[in-house]
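Take a look at the structure set out below.
Lettered A, B, C and D in written order, each chain numbered from 1.
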């Protein structure tokens, strides 16, 4: 039940909250259902103002009750009831859509669960491993190549779920036309070796490489390297404990500030989310996801000649701020709070990571975090304006 | 020399800093010139890391020395020397460009000077007037009308100064093509009367109208109305002291959070900066600017049938985050820090205000502030997706 | 492992720390002993600078490892080893003294453990009971009486342990002479009923009753009643859950600020620690201690004619700041950090409480907390200058 | 009008507040008097809750109005009126007492004015001198000697003003008997040379020399030397600008934490306020006060054989917490807030300093500041328990 910082949540809370999502938004809408404990609405509501008041996020670590055993019993009870309802065909189309959303929601929390555990363990002076038996993959490195495109008008985003297409979040819709200028995209993410060059070249000591607020953050927090790196820049803390840094693996746990400063140092820039999506649209959603069981990014087993690692390994920061697509409509009702109300002072990340479920992402998927967030599995792929 | 908050600066500091800009970036580059006091580089450098270390911004109010008399003498000396250099034709093309920039820079600080004085006076329980003799204009109100446009590809931005065109900031360049979707734009900004309806309808008590961080801000800071309004929503503090609220005048001193919440309540949205610029491009830069001497927004003397008040009165929040245009290059050298390093967690405002110089703005002009900034003369114009 | 605020510690940490005390200060000094895990020195050192660096106190809640099972195993191992050493007579006189201190230390943590659990549970919206089966005692109330004494010179404090007397903390020594002026002491602590009168009379709204910093605290934190009282001033949260407030029981969970303001309202004052000790010196250490199993203060079963409840029920705030007695010497070595370094900005409390062990306190015992601490079982006994 | 920190006030505010004291507490009580501006009650009330609400202390620097000219006019008007009242014999005995208090009050602010100006100037990177023409005195150093006393019962404090004696603050009364144990007192304050030895010996790097909160402060604020010393420990910033450090002058601008740590390092302790007063009681109030015009402590022109520099030069921290004397009664009414409500978490200082008026202090005078305050002219005199 450890909560190592305000942005993270205890594992027990994740378990209860994802369960509550089904209970509150599905079961509570079915005839005759009585919630197990109405007080839990308060405890396990994350941020849905439409579902009533809620426990303060930074205080989730204080909830020593209900116990873990009670939460597991809650999960079992809700799961049983859900199974009954589904098998009985008792849920109407709207509720079936909420079930779909509940499953997507749980996948997001499965990723957060690993991300938050990693952070909590890193705060423990013992730096325990989450799993001692994680496999290690040392893939094949490759020199950076640029893949160019001409200016074009591109269809971006996803037709609106549930009416027009299979599941996608509301912030991916509507599908719309965007003029994407000529540009070039790196064939792979930036590697640990490249990032180490940035450090060795004084990257963290050179104010002019950084956004103004980024430089303030570097100084205030004493940043000198990515989160989870050892002080000699030779090892990295992973869900499998401390490991030697693999020079060919994608650099991970960067903030937007660091991704942006690195790009400036490299005389490149971050891609826009449109450039990224245009490139990803034709690719299979394939890569180092949580399903592979590595829980850490690595170079591909075989370097490819085209774009590689667009999906999996590390979320890729883009230079696109998280704003609404033209014609965006949040879902109706309380679930409309899912994405829209966070469109403020955050940046888009694309592609999923080594702790994302393979069937959770797609080319149009928009993840978002503020500029100083580092505990996510986030890296960087470079882009360039065309000559 | 009052500094009423971290974001504001003392008048004396504005005076010295704008003078220092000419001394440091122009005169210091001329042969044989010796700066009056090198220690002042530290005091009056605002944020140019390339020009050396600087006094902390929140501590500008601590500088009781140099005295105001010394600062005036400094201004006189630098002005004399500048005049000599200009009259002697001693400045090369590059330095003449910096002179141009220095003048633009000073216009920005002239606006900030009034904005900051207003804030400082509002923090004084005596709420003194900056000028007792300000004229009052009660213009002509008009019912809201929508002006529609079809989807089109639009040239946005300004050719790069100084090579390709007359002065514009680097963040307005390059001029580039953007696909602007079909939409409608309100013919005038939102009025005090309309905003009062929002308040009366519980706008500040309805969580679901607000961005998540906006709602937290409303609660943490106890916001219940725009900055400078009286508690009965009937009067407003201006540079001319307290005045009755004019129902037809544009509402002013809103944060982005408030502008956005109002738009949601009104079942509309904020315009993108591209929609705004497309509409403004063909208009004369004409309106209630500082030159008019009102120092407060008002309804136009005569309501028009087309778009009105695009320029002057109030800066208009857009839904566009402050990011780089495709192909953006900051100016070379230290002056490259002018705009680019602030492209993070801010929103674009357009059109200038009643404290902006008339010859300072243009259709492509991009102002930017973070979501919670209220002390600027900022209001809101609504937009809509086309049916 | 919940840590509900910086001042509190997780139960697991209390268990490990008190064990570590024996391991580090006793066993580690015996020949051939190897500590179970030297990394735990860092985790479970509380504040002994002489014993090396330590984990930050506010981050104790982050330690999800070692597990509770590991901590219990640690306790068992250390206890076994301690028993062996004691039975073998292997510890010299100095180490036997440290054993004595370790036992006293553990008693203090047993009290903190209950105090901290109560706070943690109170922060949980479910307000769970620590024990459902706690007995409830409604004792006999009595009207307040004053017990007067003439000016006298009094022996205060305890002869220094271990050389001169049985165990007492270093801050109780040396025993020394103090001139105590004429005064009167209340025969019992202030009751809930009396404190409710203070509230009803506007105590929390009357600035002039409060110390300056106390009034700032009242306003900043919105205090309107003692910690753990319900908003209608009719019930109180206890280790046995919510209970009706007993008008005759001592008021509990007051800060110094509240105790002091109440006394001013009552036209009395707090006693000095010398007045308190003089009165207590001749009394048996008898009362409602943790051994009674109530875990909550109550009126005595039979009201007495003399001083009552000097020991047990509630710690009693005194008007004496926590400073050194004349000739005070901290214990030698690292254990000298036990008490002396906290002699700053704290007040003395006397007498023990319903969660203190009966054999832990004595008339000379000096507890200490800062002015705003409320989570301790602290109340107030009034005193008066003699007419 | 600079306010360099929350604890300091602008010079203009000091001027207005001391004037307001006479207007509000004297003139406003006289028949027919109308205050110049009732709004100024709010601006210039410091902390008298009984005199109504007040402007927030940390925001005094925001008051650019009334102007300095207005404040001078205010002073002139109040002074004229006061003179008229005094010459006409129109004030009754009670109001004449308030006049006396007003004069004492103004002397305190005259000291603060210099203290606050020094701090403000030290925050200015130009470190301007307050006066360029201050004389420099290099007095005669002397080796430390101890002056011993036997245990005795001592009369401490001052008979209560105005009934029983000439002016003294309420916190100096009542005069009462205290048992002072045997002890020895240093014949002079600690010098810069001695304090430099403490630094050289690692004083600021040795945790075990410090109170717990003191050590936290040293680390949090990066203290390495007294306030106003240069980084090479060779010079000191004074009201006359930077000067070489005089090894024989009393060390100044220490916090209680530093005074206490130094004493521990020196194997001594701070005196109690009773030890100090007992020693001072028989001495003339004579020394380096503001009247001497040095505005900086120095060694005496001629070293004496007895106690020296008890008065003037530097305030001397004592080990006595600021608490009430037995039988203490605050003055009646609003002026009762003058001293009593600050008896919390502060330490007593004695003797006055080089910026105190000679006729302001006396042997019983109790100054008080919290443990981390350094901007006062505070130093340290050692004491010892008797062998």
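Operating definition for what follows: a contact is a pair of C-beta atoms (placed from the backbone, for glycine too) under 8 Å apart; a residue touches a chain by one contact, two chains touch by 3 or more.
Source: prediction; values computed, not measured.
Chains that touch both chain A and chain C: there are none. The most distant chain from chain C is B, comparing centres defined as mean Cα coordinates.
Centroids of chain C and chain D (each the mean of its C-alpha atoms) stand 35 Å apart.
Chain A and chain D have CA centres that are 58 Å apart.
For the pair chain B and chain D, the distance between C-alpha centroids works out to 47 Å. Contact topology of the protein chains: cyclic, one closed ring where each chain has exactly two touching partners. Contact annotation for chain pairs lists A-B, A-C, B-D, C-D, with touch applied as defined.
Residue ranges of chain D in contact with chain C, taken from their complex: 47, 49-50, 151, 153, 176-179, 181, 183, 207-208, 210-215, 256-257, 269, 272, 319-324, 326-327, 336-337, 341-345, 370-371, 385.
Chain contact summary for the complex, chain A toward chain C: residues 1-4, 39, 42-43, 55, 59, 61-66, 120-121, 123-126, 128.
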